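One chain, chain A, appears in both complexes that follow, with chain B as partner in the first and chain C in the second.
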Partner chain A sequence: MARYDRAITVFSPDGHLFQVEYALEAVRKGNAAVGVRGTDVIVLGVEKKSTPKLQDSRSVRKIVSLDTHIALACAGLKADARVLINRARIECQSHRLTVEDPVTVEYITRYIAGLQQKYTQSGGVRPFGLSALIIGFDPYSGAPALYQTDPSGTFSAWKANATGRNSNSMREFLEKNYKETSGQETVKLAIRALLEVVESGGKNIEIAVMTKEQGLRQLEEAEIDAIVAEIEAEKAAAEAAKKAPSKDS
Partner chain B sequence: MECVFGLVGDGFALVAADSSAVNSILVHKSNEDKIMILDSHKLLGASGEAGDRVQFTEYIQKNVHLYEFRNGIPLSTAAAANFTRGELAQALRKSPYSVNILLAGYDKDIGPSLYYIDYIATLHKVDKGAFGYGSFFSLSMMDRHYHSGMSLKEAVDLVDKCIVEIRTRLVVSPPNFVIKIVDKDGAKEYAWRETIKDAEEPTA
Partner chain C sequence: MRPSWRMRTACGRRAGDTLFDSRLALGNFPSTFEIKRVGSNSVEAFEKLKLLSRATLAFIFKEGVIVAADSRASMGGYISSQSVKKIIEINPYMLGTMAGGAADCQFWHRNLGIKCRLHELANKRRISVTGASKLLSNILYSYRGMGLSVGTMIAGWDEKGPGLYYVDSEGGRLKGTRFSVGSGSPYAYGVLDNGYRFDMTVEEAAELARRAIYHATFRDGASGGVASVYYVGPDGWKKMSGDDVGELHYKYYPVVPTPIEQEMVDAPAA
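Let's look at the complex of A and B:
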């Protein structure tokens, strides 16, 4: 019995926690996910890998509500996500019950990250193989927030971030193109970042928008298609504008 | 001394409760809201031990919300009533909650419903129900005047008749009442019936 108490996550001689790093590999293989914070909205976008013909796609929700003012998207092992999401939902209600106040985004992020860290320092368990993007509005200040956690249990706040497959390309795109936006512009920025790494089209992308008044709203496929078309048109116009001046010289 | 009563009408369910918070001979406040909005389409009117009332109903409310987040759809009224009764039954032979509950709800497929849940975990689906000393008067009044499919106006008139009876016939009757309704558009406060308002700022 004592033999199985040994931690799976132990230090390597050069100070690495290999299990945690392997968990990060699992995240890197997961579907692309992006989050962008605007002044009055926060947008989450997730890549939808092609659904098998016989599967009911409504049962595969990748962007979930944790509370009326908090939502989460993640990249990595979806079964691990289910467990963490369930614990987070319970904590959101438990917090409301004990202190009669809704959680702040930072609180619930710290809670989820704390859970992830616990599993890097316990006997016989492996870390959770997912990175979560957590969005929400602070119930007191009304400020929008975007946080990211990872399998090691670290978390931090972001203006925009990406995780999962090709997250580096998406992050580079966001670093180049991020500016303070609001409303539809924020949605467009998130979709443009996703389109860098995902086949374009409403059926390959899942987008949800959180506003202070109405909480989380999942966009319909038709809406996403319309915005994608707008983006493509803007891109084409920009290309044409680039070619035009050189003709005048 | 606490009065809670309710009835089912045409496309709505109504719960009325007194609003005094009392400790032996002292009235803490006369505008205590004892009808909790459980979720968008459910009302929970509760009477009983003050601490138990709030603790238990808040616990039920948070668990009903948790179900909705976990499953993406709200609990039906019948399911919520059975869950509430189950919690009371579990606690009954350990440390019982002294809370009597009238749970009113509206479901899209079956319309309005009212559940009577008492402190020893009795559960009945009813058209009209009442708890407390006031029930002696309000039940008799409702037995005389209630019929199924009452309009909102008829129902509120009946509630007012019951309140008049309670006020005239109960020795220490509560001064103020709150009335809440739930229909297809959701649960909301309908009206207050006050005889004592909170003290105004004293004028010079």
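Let's look at the complex of A and C:
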């Protein structure tokens, strides 16, 4: 069997790892994904590119659960994501077996990020081309958490973040409009962020909400449409309010 | 190197005997453990040598966990030491008891302490007693059949409250509220099971443990020395007492002047 020991990810003269940076490019071309942390829920939203008529959309779930209390959404190469998700799921169960406790969000994020880093420093492999948004509730303290990892293997915790296509505009929107929310308000904030860059409609957005009691719940298209309608109505009302005073003057 | 290793296996197996007996006494162990014992050379070697025997016990009660042990080490009929530390401090809130091969117990408890500390550093929270005992039991299981001899109780206080697990070198791991391990364990169990109540105070519980160890050392020749009692509470472990069992004997059974029934007098001169 041929030995794969030649490193592919090597430093450039000015200290860059080009393979990692190219992987980040792949992420930037991937579908938009957003995560928002509320006080009692965490929401993940992903842009859904239009499904071909003959495709069974249920087989293309973009938000997956890693354990009963942890979920993940990602932007980038979906096949790489599948590999990472499978490894993470095994690690979640392995942790339950060795210490008889569910993983914390931080632990599994550290594991996934560690895996992504390993593939930037091993022979014969390329980095994973995806950034993951990992959400969950801490099994001990019950606190909600949102973490993001990227192809270089770094990770950090966020109150709200976006990745993938047009993530900068989404992040700007979130920075301007983020405040501590709970329940439906958090869902609305996530959808509003997505709507900045995605064509409106339940067909193009996939939303999942995680609560401590019920775990992960994927919202139906009809529910999403209803919330989108609410948001549009609010927007219209706000614009009308803005126009009204100027009309009077 | 080989022979002494085998001998340690032997005393491990012998120690294992009493371990299995005491577990059979608990009524929830299959006798198939007897069948799985290692071969005959260990039995021969055992006859000659018995490195460590003991009376150790631990139980959970309302206020926490009490861990107690004697301190005698015997080799056959020779008492090699009266001052062995059989309760090992893994970290400030977890204790392990030593039973079986002394070196095995000391090394693996030390190793467990290292792993617990690494877990703390990586995860920014203390490891649970469940997790620590599982780590130890997984390690011991991977050395199964290679002659390790460890029969230990891991006791501690974590976020879920007091925890007590029995872990041995067969790879077994039991969660429980009352355990006693060692050649003196049947005697200790008698006193412990009789006097145990869940809602004791710390002093009452420590006294019960002390008495149980004392009675084990009284009847079992292989246990003796000093009865150490530790208490593990929400703030960690604390050594309650370390009393010489000889002195405890006179405390529990003070000398009572017996009435003289017949007194010898000199025969009157004929």
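The rule is simple: the second predicted complex is superposed on the first by the 243 of 249 C-alpha atoms of A that agree within 3 Å, B and C clash if a C-alpha of one lies under 4 Å from a C-alpha of the other, contacts with A are read in each partner's own complex, and residues count from 1 in each chain.
The definition used in the following text is that a contact is a pair of C-beta atoms (placed from the backbone, for glycine too) under 8 Å apart; a residue touches a chain by one contact, two chains touch by 3 or more.
Note that this is a predicted model, so its numbers are computed, not measured.
Q: Please indicate which partner A:D150 is in contact with in the superposed arrangement: first for chain B, second for chain C, both, or neither.
A: neither
Q: Based on the superposed arrangement, let me know which partner A:E206 touches: chain B (first), chain C (second), both, or neither?
A: neither
Q: May I ask you to decide whether A:Y107 touches chain B, chain C, both, or neither, giving the answer as first, second, both or neither?
A: In the superposition, A:Y107 touches chain C alone.
Q: Is A:S94 touching anything from chain B or chain C once the two structures are fitted on A? First, second, both or neither.
A: first
Q: A:D80 in the overlay: touching chain B, chain C, both, or neither? Say first, second, both or neither.
A: In the superposition, A:D80 touches no partner, neither chain B nor chain C.
Q: Between chain B (first) and chain C (second), which does A:Y140 come into contact with in this model arrangement: first, second, both, or neither?
A: A:Y140 contacts chain C only, not chain B.
Q: Taking the complex as given, what residues does chain A use to touch chain C?
A: Touching chain C: residues 98-101, 104, 106-107, 110, 140 of chain A.
Q: Which of the residues in chain A end up touching chain B in this complex?
A: Within the complex, chain A contacts chain B at residues 61, 65-67, 86, 89-90, 92-94, 96-97.
Q: In the complex of these two chains, what residues of chain B are touching chain A?
A: Going through chain B, the ones touching chain A are 58-59, 62-63, 65-66, 69-70, 72.
Q: Going by the contact rule at the top, pick out the chain C residues touching chain A in the complex.
A: For this pair, the touching residues of chain C are 122-125, 127-128, 130-131, 134-135, 138, 159.
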